[in-house]
Amino acid sequence: MRRVAVFRKEHFNAAHRLFNPAWDDRKNGEVFGKCAYPNYHGHNYEVIVRVIGVPDPVTGFLIDMKVLSGIIREAVLDKFDHKNLNLDTPYFRNVNPTAENIVMVIYDLLRERIDPALELQVRLYETERNFVEYPVDKE
Amino acid sequence: MRRVAVFRKEHFNAAHRLFNPAWDDRKNGEVFGKCAYPNYHGHNYEVIVRVIGVPDPVTGFLIDMKVLSGIIREAVLDKFDHKNLNLDTPYFRNVNPTAENIVMVIYDLLRERIDPALELQVRLYETERNFVEYPVDKE
Amino acid sequence: MRRVAVFRKEHFNAAHRLFNPAWDDRKNGEVFGKCAYPNYHGHNYEVIVRVIGVPDPVTGFLIDMKVLSGIIREAVLDKFDHKNLNLDTPYFRNVNPTAENIVMVIYDLLRERIDPALELQVRLYETERNFVEYPVDKE
Amino acid sequence: MRRVAVFRKEHFNAAHRLFNPAWDDRKNGEVFGKCAYPNYHGHNYEVIVRVIGVPDPVTGFLIDMKVLSGIIREAVLDKFDHKNLNLDTPYFRNVNPTAENIVMVIYDLLRERIDPALELQVRLYETERNFVEYPVDKE
Amino acid sequence: MRRVAVFRKEHFNAAHRLFNPAWDDRKNGEVFGKCAYPNYHGHNYEVIVRVIGVPDPVTGFLIDMKVLSGIIREAVLDKFDHKNLNLDTPYFRNVNPTAENIVMVIYDLLRERIDPALELQVRLYETERNFVEYPVDKE
Amino acid sequence: MRRVAVFRKEHFNAAHRLFNPAWDDRKNGEVFGKCAYPNYHGHNYEVIVRVIGVPDPVTGFLIDMKVLSGIIREAVLDKFDHKNLNLDTPYFRNVNPTAENIVMVIYDLLRERIDPALELQVRLYETERNFVEYPVDKE
C-alpha cells in the first residue's frame, strides 16, 4: 500500500492588476509598483497540481492524468484562461489577485472536485522566477 | 573580418486583446476566439534580439550585451512592461496587437537605436508554443 | 508588405527502431547501436513548424495559430501520436525512421495542407540534445 | 551535523504500453485510451534522484554526483534505456508500466545500492506535464 | 490563517575549484576529478529561495517578490556574482565550495535578513543536472 | 537529394575573465565591468552544433549523432571542460574569451574534423540570455 505523488502541469493566460481599493493611487503605486498600473497587465500562468494517494493495483493509476487534466480544465482553466482575473471572475472582487491569493483560490476550486481520500497541493508560476505553493508540505 | 550573430533575451509582462474595431462582437469572437474577450488577458512575452556584424578586434565584442540589454529596456520594455498594449501604448491604437504586429513594432523601435551597420532581427514568444520572427532570414 | 515567420510547437510520443532490413542483426547493431534493439524504444518528439508570409492587414494574422495547430494535429499528430512509427504508419515501411527521415515525412504531410504561397519549415526534436530541420534556410 | 538534499537528473528513452492482460482490447481501450495501442509508444523519461544525509566534513560531499550518476546508470539506465519496458525488463511482466509503477520499481532498484543511512526519493517525468514522485515527503 | 510558500529564482556566475588543502594534488585529483583542476572552472548557479508564512491580508503578499529579490541580491549575489568563490569570498577559505557547502552558506547569509517568523529553504543548481537543497523538508 | 540540418547540443563548464592586457585595471573595469574581475568567474556553456548535408539513403543518417557527439567531445569539450579558458588553453592567450571569440574558436576546431562536404554552424550559450552564432546564415 505504497503512496505515490502524481503531478499534472497546465497553463492559462490571464490579465490582472494588484491594488487595494481602500487606498488611493499613490499608496497603491508605493506598495504594488508596476503591478498596480490601472489598465492591467498579464501572465502565462503555469499550474502544477500534485495529488497523493495509493495507486489502484488493477490499473496502476493513482489518478488517470487525462481525468486529472479534465478536472483542472473544468474547475480552473475554463474560469481563468484568457480572462481578466479582477473583472471576469467572482474570486478577486474583494481579494487582491496576488500569486499567493490565486493559488489558494485554485486549491479551493480543485479540492471540491478531487476525492477527499487524496491529498492535494497546488504550485502556481506567475513567471519563471516568481512562484507559490499551497498548502505547504510541513503542515 | 568574420561576421557573428549576438543574441540577447529579455521579457515583459503585458495585457492585450485581439479585435477589429470595424467588426461587431460576434464577428470578433468568430475570428479571434478567446483572444477577443473584452476585458483583456495577458502574457509573459519573451523577446530575443539578434544583431549581426563584425566584432571589434580590440574588445572582442560585436556589441556589449549589457549595452544591448539597456537599449532593449529603454526602447521596448519601459514602454510595454506591465502595460496594456491596446490602451497604454500608441502603437496598437489602429493596429491589432497580434504577435506578428507586435514583433514588427519592436523591430522598428530597436532599428532606430541600433547602429545601421548591424543587421537586426527580433523573435517574440507569446507563449512557449506560439512565437514569431521578423524580418525573415530569407529576404 | 512585410514578411513574418510564425512558429507553432506541438509534440507526440511514439516508439521506433532503427535498422536496415537488408542487414543482419550484427551489422544493424554495429551501425545503429542501442537504436536497433528489436523491441523498440521511444521518444517525446517535439515538432516546431515555421510558416513564412505576409500577415493579413485586416486580422494581423499570417495564419491563426489555432488553425495551424489544427492542421498539424490532423496531418501529423493523429497519425504519429502514441504509435509505433515502424509498424503503425505507412511512411517507414521502407524508410528508416531516423530523425532526418521523419522530419522530411512531416514536411511532406504538412506541405499538402499549407497554402502554397507560404514558405514552410519543420524542426523536429528527438531529444533535447538531438534535433533536425528541413528544409535548410540556405537553399 | 546539518542534513542536505542532493539531486541528480538522468534520462532514458523507452517504449511501453499500458494494458491489463485480464481485460479484452475494448476494456483496455476504454481505460487506457491511446496508451493501450498494441504496438507500443515511447517517452524520453527524466529521472531525478534525491538523496538526503549529512555531508562528509572532509570532502564537503554528501555523495559524489559522479558516483551517484554511476549508480543510477548501472541500477536503472542500463536496464531501461532504449528498451521496451513491457518486453525487455522483468519488472513489468505482471505490473502495468504506468509512471506510478515505474517510479516505485526505480526506487527499489536504487534503494539496494544507496547507503541505508541516506534517505532516498525518486521523481520520474514521463512528459514535461506528467510526472510522479516516490516516496512522498509526508510519510 | 493559511500558510503559503513563496519562491524566487535568482542566478550568479562564479568560478570555483574543489580541493582539500591537507591533501596533495594526486589525492585531490582522485577524489575531486576535473573539479580539482588548479586554475578553476565555473558555473551559472541558479538559486531558488523558498519562504513560508501567512500572507498579509491587507496586501495579499507573504513577502513582496521585489523585496525578496533585493534581499537575495544584497546578501548573496553582490558577494558571489562574477567572483571566484575560493579566492574572493571569506566563506570558502577553510570550507570546500561543493554545492552542499555553498547552499548552507547561502542559507546562513539569507537567514540573518529574513523575518524569523518565516521559514526559509534554499535550492542551488550547479548545473541543470546537479542540485542541492537546505534545509531538508523532513527535519 | 534533399538537404537536412542536424543539431547536437553539448555543454562544458569553464572559468574565464575578459580583459585587454594593453589596458590598465581601470580601463578594463570601465569596458568589461564585472567580467574583468581578476580572479575569474565561470559559466555552464551550452554548445549547439549544426551540420547541413544530404542524408545517406542506406542509413537515413546525415551524420550519426553519437559520432558527432564524439567529435565535439574530442575537439572541444576535452580542451575546455572544467578549464580556465584564459590560462589552460592556447586559444585565448592573445584573444579575449568573449562569447564571440569563443564561438569562432570552436568553429575552427570543429571545421577541421567535419567532412568538408557538410556545412557547419555553431551556437554558444554563455547564459540562457546571452548567446552567439557563427557563421551567420546570411553569408
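Every chain is named by a letter (A, B, C, D, E and F) in the order it is written, and numbering of its residues begins at 1.
Here is the rule we use: a residue touches a chain if its C-beta (ideal position, glycine included) is under 8 Å from a C-beta of that chain, and two chains touch if they have at least 3 such contacts.
Note that the structure is a prediction, hence the values are computed from the model and not measured.
Asks: Which chains are in contact with both chain B and chain E?
Replies: Intersection of chain B and chain E contact lists gives A, F.
Asks: What is the chain whose Cα centre is as far as it gets from that of chain F?
Replies: Between chain F and every other chain, the largest centroid distance is to A.
Asks: Interface overlap for chain A and chain D, more than half of numbers shared or less than half: same or different?
Replies: Shared-number fraction below one half, so different.
Asks: Scan A-E, A-B or A-D for the interface that duplicates C-D, counting it as a duplicate when over half of the contact pairs agree by residue number.
Replies: Of the listed options, the interface copy of C-D is A-B.
Asks: Could you please state the distance in Å, as a whole number, between where the Cα atoms of chain E are centred and where those of chain F are centred?
Replies: One centre to the other, that is 28 Å.
Asks: If you average the CA atoms of chain B and of chain D, how many Å lie between those two points?
Replies: Using C-alpha averages as centres, the distance is 41 Å.
Asks: Using the touch definition from the top, which residues of chain E touch two or more other chains?
Replies: In chain E, residues 128, 137 touch at least two other chains, as defined above.
Asks: Okay, what are all the chain pairs that touch?
Replies: Here the touching pairs of chains are A-B, A-D, A-E, B-C, B-F, C-D, C-F, D-E, E-F.
Asks: Could you pull out which chain D residues touch chain A in their complex?
Replies: Interface residues on the chain D side: 18, 20, 31-33, 95-101, 103-104, 128-139.
Asks: Could you list, by residue number, the parts of chain B that touch chain A in their complex?
Replies: 11, 13-16, 34-35, 37, 39-44, 81-84, 87-88, 127-128
Asks: If you look only at chain E, which of its residues touch chain A in the complex?
Replies: 2-10, 52, 55, 58-62, 65-66, 119, 137
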